Amino acid sequence: MEAEFPALVSARLGDRVAAVEVFPGTLGRVRFRAEAALDVFRSMRDDFAFDHLSMVGGIDWVDHREVFYVLWSDARRAYVILSTDLPAENPHIESATPTWPGANWHERETWEMVDIHFDHHPDLRHLLMPDGYVFHPLLRSFKLHEPEELEVKTRNV
Amino acid sequence: MAAEGVRKEPKSADNPILWVARPMATAARQFGKSLIRPSTIVYPFERLEDPQFREEVAVAAGKPIGVGAVWDNYRGVHALNVATCISCNLCAFSCPDLCIDMVTVPGGDPKHPKKCPEIDYGKCSYCGFCSDACPEGCLTMTTRYELSTAKRSEMVYSPAKLYEVFQRKLPMNPVRIELPENEDAILLDPPLCIGCNACSRDCPTQCITMIDIPKVGPKPGEKPAKRIWKEPVINDSDCVRCGTCISVCPKECLFWGSRT
Amino acid sequence: MNASSVTTASGTAKAPGTELPVVTQPGVPFIEIETLRAKEFLPAAKEALSAMIAERGREDLTQPVFNWAGRNSLFPLHWGLACCAIEFAAAFGARWDAERFGIVPRSSPRQCDLMIVNGTVTWKVAHKLIALYEQMPEPKWVIAMGNCATGGGPFRTAYSVVPGVDKLVPVDLYIAGCPPRPEAMLDGILKLEELIRERKE
Amino acid sequence: MSEMWINMGPQHPMTHGLWNLRVHVDGEMVLDVDPEMGYLHRGIEKISEDRHYNEVVTLMDRCCYVAGLAWEHLYILSAEQALGIRPPERAEWIRVMSEEFQRLGSHLMWYAAFVQDIGLMAPFLYGMRDRDLVLDLFQSYTGARMTYEYMRVGGVRNDLPNGFTDQSRKVCDWLIDRFEEYDRLCLASAIFHKRCDGLGKMSRADCVAYGVTGPMLRSAGSKRDLRKDRPYSAYDRVEFDVATADGADVTARYLVRMEEMRQSVRIIRQALDWLDKNPGPVMAARVPRWLGAPYAPIGNEGYLLKRNYPKGLGLSAIEEPHGEAQAYIVNDGGEHPYRVKFRSPVFANISAAKKYLVGYRIADIPPIMGSVDVCVGECDR
Amino acid sequence: MSVTLLSVATAISQAILGAIGSVLPQPASGAVTNVNTVDGLAALIFAAILLLASMLNTIVLIWWERKLLGRFMDRRGAMHVGYAGLLQNFADGIKLFRKDTVKPREADTLGFWSGPTAYMVTSLIIFAILPVSTGWNSGSLPLSLLLALAVFSFAPLFIFVSAWSSNNKYSLIGGMRSAAQMIAYEVPILLAVVAVVLVSGSFDLQTIVLEQTNYWFWVPLFLALVVFVAGMLAEMERIPFDLPEAEAELVEGWNTEYGGMMFAFFMLTDYLRALLGSFLIVLLFLGGWTMPGWVPAAATSFPLAGIFWFMLKVYIVFTVFVWIRASLPRVRTDQLLRVGWNRMVPLALLSVVLAALLVTVKCLPVLGCIPTLGG
């Protein structure tokens, strides 16, 4: 069943999927094109029975940004990872909340941390940071201040 | 209600009087058990690390279980044996919270001041990485846990204070962790080395010796070079891999590598 | 105040020569005598008492009692921020019973006099912490329990953590530890009780 | 009665941690709920990008402070997959035993907080006393009560002290008959049933759709347990049952968690027998120097470029006491992990608060939130 | 010879005034030692003794509960302040009196200060009414039981006053819920009392206790006892009918705005009412200071024996309340009120019918006969 999963996916989704890489411990890592997000989500849920979305994450690769989804299927008892690349300036992707309601908070946190805008999200507002916060902490450009700046060092006792 | 894994739960009785009978009976039984000796350890006078609690302790009222070898491996306030410390900075490098500073210890020859770790207990998270990384085993963690002060600055323990804790001979952390054998060693890139002797001077365990290296002899007819070239040779068994020589070398010709 | 006239049970007045009006005429009611004495006695007594209080200072009279009472019944605020809160709860468990010292956690700040900051203080909770501190009536104390409250602990470099609660509220006592054991917390509270004992104002 | 928004603010005995439940109330009934998180967001994912691999373990114990070792196990499994390092077998069994002991500790803490919400005052003390016994065992082999820093990439810090296994067996026997006592205090009292039956219903379909996992999902009848569906470490060599109930309400979650504690004791006993019989190394033979403890992480960039360590991705998923937790680590070959992303089960369970809180009375919120077993540290990371 | 509170008070005032009289000159000492000043001072001392006894008893009750609750919870309870924690409650009291009382700006001044004080004072008055032993009460009031219950039921009014006047929306809701709970449980209590009065024939507590000299009422009127205990639990707001404590967790308890001295009044009054509840239960059902026949005469003949046995019974009843508090969870607000109206009131009516049956038939098949009623 695991072996022909990549073939099944590329057969079903065709050009929307760039590649299905091998990922140990899961059925595979499906790299899909960002514009075809909604159809990929719906087909994953309906055709491949991945009814449980457990995680949405964003990675800032400085020149581009990546969003990855981890799905679980009770029928197949296995995970699959969907991942897509978005341009660095004003990245946009369709929200997965209509297909999996559980994605609501995950997407709010990903927007807050890595500044990826999810279209048609019910209420995309701050979740972990105070409401007026303008920065996006998990971008590589956001530098943590060095510990030494915080306190005067006591030298040579 | 009884699913596959769940046992049949004791249903509450139907008649109202028994609604409360069983829980009250349980509370009464507990009352009887802890009437004479409840499970409380009266802290300022009795302490959990007293030997009397090793076997018999009313930790669970009614059935003494004893605390066993609980305190042999405890990570509390550090004890530093300043005498054996070779100031190799390994503890300062390995601390994730950057709360260890290498501070000169008064006394000793002023030209080569001896530096020992000074720990700020307001930042230390007692993870024990420093005592694991200490090659000489002179920085160990004791079972002392009380540390509360009114002034924040009193939380910074100088090497002298840590030595005091060491002298009090509190039971220290006997469990030495299992170090995987690691083939990394410090290698030399010969053409870059100018033989300035900085590494062998600063090596905390003095395991670098400078040896004469016969440079290519002078071409016939030229005067033999006045300078005798020297190169460091590192004795791997003594080296504690503290990386001081790498950071001290002006030409950066020493680097991590593997001999095999 | 000179000795008043001494009368025996039989009621005959054997008063030595005193300038106070000797009750010889019949029919002078007792109450009148007392009011005369009171008029003269009270101001003197009041002035002597206030002098004594001012001179000896209020501490010698009532402060030790209030210090003893304040020391032995500290009501901490019933809240928990992070990992230190679990050790705070364990201190009220069966093994280290903190209620022995009269420490009863209360859930409304109006009834507490000790705020134990047990955990990481983030900027989002900072103004709520200050509001809670102001709700507590005087005299009140603050204990910074654990390294996160003392100086930000392992998270002090984070963008959302206040590096030390002494930047928000005046702290009376710091307890080191990450998290401090329940005994270390009790030891801290006993040390705070010593501080209260020597409190002057 | 007028409708109004009530702030069960961050400082509230019911919340057991720092989060704010804004409740839209009409008189007694709850119309709408808006949980507000982030009061304990400490930026763990950002800090771990500056730390070496083994130094992130200290953040894991403080991330979920009730199930520290489980979260260490989660992070280490994903780091080992990203770095391509395999631990020895004895370390795997020690990790399984530690995670099961941590499940006992976490569920005992849940029991203490849950019964106090309903109003039972005595069992809070029983729960904390029995949890202290489990913490004593942790202190004997890891060195600390709650913040263990015990697991490393490639194994565990040190082996079990001698005499540990029979001390643990004594504690396991003690806990088994304590669970009888807990059931008599709760299940046998009619007021408990009157307070908890039929509250906070969350059907199985809703659970799966909202990403709710763990005891809340298993109380709705599903038999999903990662230790059985996708076994990791030594869980495939251990037999146990998955505790399920089909009431989907607060009492069902109570039953599932009590049964899970009994199953944990069963697993621990099997692990102790195996550990007694096969001594062996607990640390992988060869571990790169710059991972941090047990070595001091003195690496210089030059060294790494020459040794071009493999890049890699790691996804690990464990059955944490609150539910299903995941860690996704991106390793770009450098000393520090490039990106660390955690999935916290409590994060998903609270995000579904609208489904199991709306429609009940305001006096039912403490029992329902007690049965959800909120650990705010892991939720806000 | 019987030593009564009044005789003790007059003896003390006699001694004091005698001493003062001997010092003063003749006309003044005459005025001092005449009869009516002695009686006046005796009344004062009588009231002082009563106040002191009730306050001290309450504080010992708080200590007794904390120690018992500790033992139920497998821990030690207060022990480091004074011997075995006896001074703990004095420390709490002095500290709370010392804290500065904070009044919210918009709170209504009169209600805010007078609410808690009146709440405490009305509970204190009842101590004067309830007889503790033969003669140890303020004279034989023919309707002492009715007066006690009337003053006892002032509490919901003052809770409502203090809740409303602290001008806090949540305190108002909390106050309304507490008042509703207390009023809901007054009806079953009064009906249970009616059953007792039917059997004993008079409202005077003295005669009720005398009626029970050799046959305590809890045997025939067991149903009334259960209803009365449940009602008292709700009146005293103790678990399982523990509303204000729960309110502090849910919305905002009605005593959240109060700190310092006012909060001390609330804490003290909770235990005052618990003491009063135990007094009433012992007087009405457990035969007050009378001991059953088989107790040897020596045990009931030493001076103040009545008071000793009476207080022993009161503490035993209170121990049962603490036992209930340690082992049962809290009932929800609406369940509480539903149980109050739908379960308690019918049971109380049933107990009244049983009592009436008992009075007419004089003997019941199951419960046996009431010999005294023959006379």
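A, B, C, D and E label the chains in the order they appear, each numbered from 1.
FYI, a residue touches a chain if its C-beta (ideal position, glycine included) is under 8 Å from a C-beta of that chain, and two chains touch if they have at least 3 such contacts.
As the structure is a computational prediction, the values presented were derived from the model and not from experiment.
Chains that touch both subunit D and subunit E are the following: B, C. Leaving out subunit B, the touch network of the other chains stays one piece. C-beta contact counts were set side by side for B-D and B-C; B-D has more. Distance from each chain's C-alpha mean to the overall C-alpha mean is smallest for D. Chain centres computed from CA atoms place E at the largest separation from subunit D. Placing every chain at the mean of its C-alpha atoms, the farthest one from subunit A is found to be E. In terms of their C-alpha centroids, the spacing between subunit A and subunit C amounts to 56 Å.
Between subunit A and subunit B the centroid-to-centroid distance comes to 38 Å (mean Cα coordinates, whole Å). One inter-chain figure worth recording: subunit C and subunit D are separated by 42 Å, centre to centre, where each centre is the mean of the chain's CA atoms. Averaged Cα coordinates give subunit A a centre that lies 23 Å from the centre of subunit D. The set of subunit C residues touching two or more other chains comprises 93-95, 97, 100, 107, 124, 151-152, 154, 156-160, 178, 181.
Among the residues of subunit D, those touching two or more other chains are numbered 12-13, 38, 41, 43, 46-47, 50, 58, 62, 122, 124-126, 129, 132, 147, 185, 189, 191-192. Within subunit E, residues 70, 72-76, 79, 248-249, 326-328 each touch two or more of the remaining chains. By the touch criterion stated above, subunit B contacts subunit D in their complex at residues 1, 3-7, 9-13, 16, 19-20, 22-23, 25-27, 30, 39, 59-60, 63, 65-75, 90-91, 93-94, 96-97, 125-129, 132-133, 141, 173, 175-184, 241-243, 246, 252, 255-257. Residues of subunit C touching subunit E in their complex: 5-13, 23, 26-27, 29-30, 33, 65-66, 68-73, 93-94, 97, 99-102, 107-108, 110-111, 113, 137-139.
Those residues of subunit D lying in contact with subunit A across their complex are 37-38, 41, 43, 45-47, 50, 81, 208-213, 222, 224, 229-230, 313, 315-317, 324, 326, 328, 330, 338-339, 341, 343, 347-348, 351-352, 380-381. Residues 94-97, 100, 147, 150-154, 156, 164, 166, 172-178, 180-181, 183-184, 186-188, 190-191, 195 of subunit C touch subunit B in their complex. The part of subunit B that touches subunit E in the complex is made up of residues 20, 23-24, 26-28, 30-31, 33-35, 38-40, 42, 61.
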